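Remarks on the structure that follows.
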Amino acid sequence: MFEYAPAPESRSIVSLAPSYGLFIDGEFGEAKDTFKTINPADEEVLAEVALASPEDVDRAVAAARRAFTGWSALPGSERAKYLFRIARIIQERSRELAVLESLDNGKPIKESRDVDLPLVAAHFFYYAGWADKLRYAGFGSDPRPLGVAGQVIPWNFPLLMLAWKIAPALATGNTVVLKPAETTPLSALFFADVCRQADLPPGVVNIVTGAGDTGRYLVEHPDVNKVAFTGSTEVGRQIARSVAGTGKRLTLELGGKAANIVFDDAPIDQAVEGIVNGIFFNQGHVCCAGSRLLVQESIAEELLSSLRRRMATLRVGDPLDKNTDVGAINSRAQLDRIIELSEIGSTEGAERWSPPCDLPDRGFWFAPTIFTGVTQAHRIAREEIFGPVLSVLTFRTPAEAVEKANNTPYGLSAGIWSEKGSQILAVADKLRAGVIWANTFNKFDPTSPFGGYKESGYGREGGRHGLEAYLA
Amino acid sequence: MTATATSRLSGLPDSPADLRTFLHGLPGVDKVGIEARAAALGTRSVKTSSKAQAIDLAIRMVDLTTLEGADTPGKVRALSAKALRPDPADPTCPAVAAVCVYPAMVPTAAAVLAGSGVHLASVATAFPSGQAPLDVKLADTRDAVAGGADEIDMVISRGAFLAGDYGKVFDEIVAVKEAAGPAHLKVILETGELGTYDNVRRASWLAMLAGAHFIKTSTGKVGVNATLPVTLVMLEAVRDFRERYGRQVGVKPAGGIRTTKDAIKYLVMINETCGDDWLSPDWFRFGASSLLNDLLMQRTKLTTGHYAGPDYFTLD
Amino acid sequence: MPKSPKTSAPTAVADRSRLAVRKTYKLYVGGKFPRSESGRTYLVDGDNVALASRKDARDAVLAARAAQPKWAGATAYNRGQVLYRIAEMIEARRAEFVALGVAAAEVDAAIDRWVWYAGWSDKIAQVAGNANPVAGPFFNISAPEPTGVVGVVAPGSLLGLVSVIAPAVVTGNTVVVVASNPQAAITLAEVLATSDVPGGVVNILTGKGAEIAPWLASHDDVNALDLSGVDDPGLATDLERAAAGTLKRVLRPVSGVDYSGDPGTGPMTALLEIKTVWHPKGF
């Protein structure tokens, strides 16, 4: 075998402070109560980060409220220039931010470098351009901002989710208090520094780090006008309940259990790539992951043998190695959940397979895994695992594929692989999901709206549609 | 009838109609997907010791080629000498796989290469267009073999292929293979003229079904020559063909591969598509000329630790 | 608004000597007019009106769900024709609504509203959808689709009722409506039943919002909840909270809505899902 020598990206480009305070009203405060954020690839502590108290959140919301007056009164063209500036600074610092993201999150550098960071910059560029064109967006002749947005984001794409939240909020004239995930707070704090570099007025963006309680306090804060959350369906439900009766606007981007449907006339090699990309991209820590493979029974064996062969070439390991395909699981807790659900899969009689791969001794790791012989009744076919675990089911006819694909409370995304145009269009019509990838998977673009049906949440992020959630 | 029964048993298509059904029954190739996969493999970072191994392997895979109207015995002798000892200053530098010349130059090259282990390939069959009667193509082939070529690089009739006359293409390959006798047969698909990746896959299977030892991308004489995605389609084809029929077929991208960086991308692609079995000059070749000097410069850089310059390598 | 006393019902006008045949106001579920399974009625302006129960709500959701795929799958042109037919049928029964005490101008406005929405059927996707210029070789389009089954607590007026039903169904949703003006609502149901509206597309339950709506809000097979007719803020909050169980889309009540104004596209888009489809381009 042609072995590739280690090709580590240098981490010296990232200069980490021992501790980080909250970013409120344009200033980094002192960190009083703190928690540690670790590198999931080796469990080393990267930095200590402030644990925001309710009073801290109050201060952040107050700062955002004060800033709202001036920010919302700025001509759109001026807001646009701040966002363009931010986009440019992100581009210039993208290698640094990519390495930071891989350190804190565990994702492979090739993904943070080639996917996350380019999309982050593109998102700011896209919404920058909207700031002075809102009256053309189809939401009325004089659309107005809502006020202060409380935003809570997950750990799987920390900076990208921040961009999805902050870029449209600022473009539309809202101000923001954002809470990054507990296990991945660093890139949001670096983004705060980007805001300072861009001379963004104080209070327009505030970053409060913390755990679930901090997020809860933020979304329940009476002076927040708009809540945007990306994360689990369970927390989304709690937020929807807490927002009830308050009149706060709410958008939720939640879990998924996407079907990736492969028909017998699919371009097989690209379908295999799509399956791999669908479930092993970002360690499967993707709400729209293609975690249920629905393959037409007539080609199931052939497809699975190709899939296993392809999986054997996946390189699992050091996230900073440029050749790593699958990095570290983000946290001990997430690893435990993946292990638990996988064991349930075995117990319930599904057949488990992973390619041989050496996992590092330290850190949180899980080998790419597929379960065959899975039926709709298996828990691994119904519950979101949020890890590199694929459940394989078969179907006989297009109608059965659609029925099985839709047989879930989720409805975020789905994949279709077929060379027959009429079949693709008919199936795409019938799938109850917000994003349909036909003959591709896990593609994202700032112009393309993203969001779910059913329990995968409501509202759309990205594109023209993404403006609506921030406009009155 | 017996032949029919036998080929039915082995699963080989045995009539033009069968051939068409078979080739059009192959899974499609999605352009965006195959190009994205090739590009992704192109981002592999091959450094230090693995880079050194890769460079030596790439040198050993070069079909050092000259296919010009201006080729002379002097030019071919010099090229052949270089094939034997690409870096005269470094005896650890391996020889290339083969020298590739026009049939008229075969005896000249054979005189230099005889007994060296470096193969002698000749393009034949009215290269590069293939637009000649079959008997001319066969005579071309026999002459090259008689002159000492142990590898024949034939071109398919793209006209017949694009006209849907797969039987004619198939029969020509069979005939040329017979004419080539003991020489190995590389079948040039001229992918730049086939128009689609689906056609590249079909032409690959057609050539393999007809008995090709190697499938080769290009003549180097048209606008688009070897590309990573086209080669990836062909690598998938040889991989799948062996899985189905048990026979291994080699792949040769030709034309446009000029840098070490490019060559390593191809090696990565083999590694992660077909695996070890194809990482050998017996199963993979680069049809190239200027590539060799870049490989030598990069090789020198790795051994000396500083960047090399073109004046220190022979221009043959 | 004041309702006319029974004695002046139009059926009695023709022949004073003849005893009028009164209408029985039942529910409208799955295209049929059943009584409440509970057997209950309540008295409204002298009529015994069916008092829907939670089981009626359950049956109505089943009917709405069964009808939804086909209704959504009908062509937009066809749905537009059906909605226009509704307008035609109300026009024909104009006097009946007036006799129920609905102001003539309001009946006219309700008719015109159906016409307005009929025209939207094959336009809303063009207004709410987009071709998206993604940075890559992909066809990418976002188009709206109906969210599915919508539970509606309707406002009391006829125009309000039409203004919540029409935007939901024009795009392919089906509805279970809790109506608080039973005679007008069931008369509207009679219109729907004779207007080529497939059974189950609109289901109307007469009764108490506070009793029925919680069952719709918590029902796992309801996709969205329109609370336009909920006057009690406490109830609205409870329903919104219950709807969070399956993350239903919720249209909150807005106080003081003037249904005679331009509704805009909001009432439609709130009950639409945006589906974005990607496909590579290449040969």
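In this document, chain identifiers A, B and C correspond to the written order of the chains, with residue numbering beginning at 1 in each.
Simple rule for what comes next: a contact is a pair of C-beta atoms (placed from the backbone, for glycine too) under 8 Å apart; a residue touches a chain by one contact, two chains touch by 3 or more.
Since this is a predicted model, take the numbers as computed values, not measurements.
The chain with its Cα centre farthest from the Cα centre of subunit B is C.
Set side by side, the interfaces B-C and A-C show unequal numbers of C-beta pairs in contact, with more at A-C.
Here the CA centre of subunit A is 44 Å from the CA centre of subunit B. Centre-to-centre, using mean CA coordinates, subunit B is 69 Å away from subunit C.
Computed from the mean C-alpha positions, the centre of subunit A lies at a distance of 37 Å from the centre of subunit C.
Within subunit B, contacts with two or more other chains are made by residues 30, 32-33.
Those residues of subunit C in touch with two or more other chains are numbered 136, 138, 280. Of all residues in subunit A, those touching 2 or more other chains are 439-440, listed in ascending order.
Those residues of subunit C that touch subunit B in the shared complex are 136-138, 280-283.
Per the touch definition, subunit A reaches subunit C in the complex via residues 122, 138, 233, 236-238, 240-241, 243-245, 247, 252, 254, 409, 424, 428, 433-440, 443, 445, 447-451, 453-455, 457-458, 460, 463-465. Across the complex, subunit B is touched by residues 1-7, 110, 114, 265-270, 273-274, 313, 322-323, 419, 439-440 of subunit A. Within the complex, the subunit B residues that touch subunit A are 27-30, 32-34, 36-37, 43-51, 53-54, 236, 267-268, 270-272, 275-276, 279.
Against subunit C, the residues of subunit B that register as touching in their complex are 30-33, 35, 195-196.
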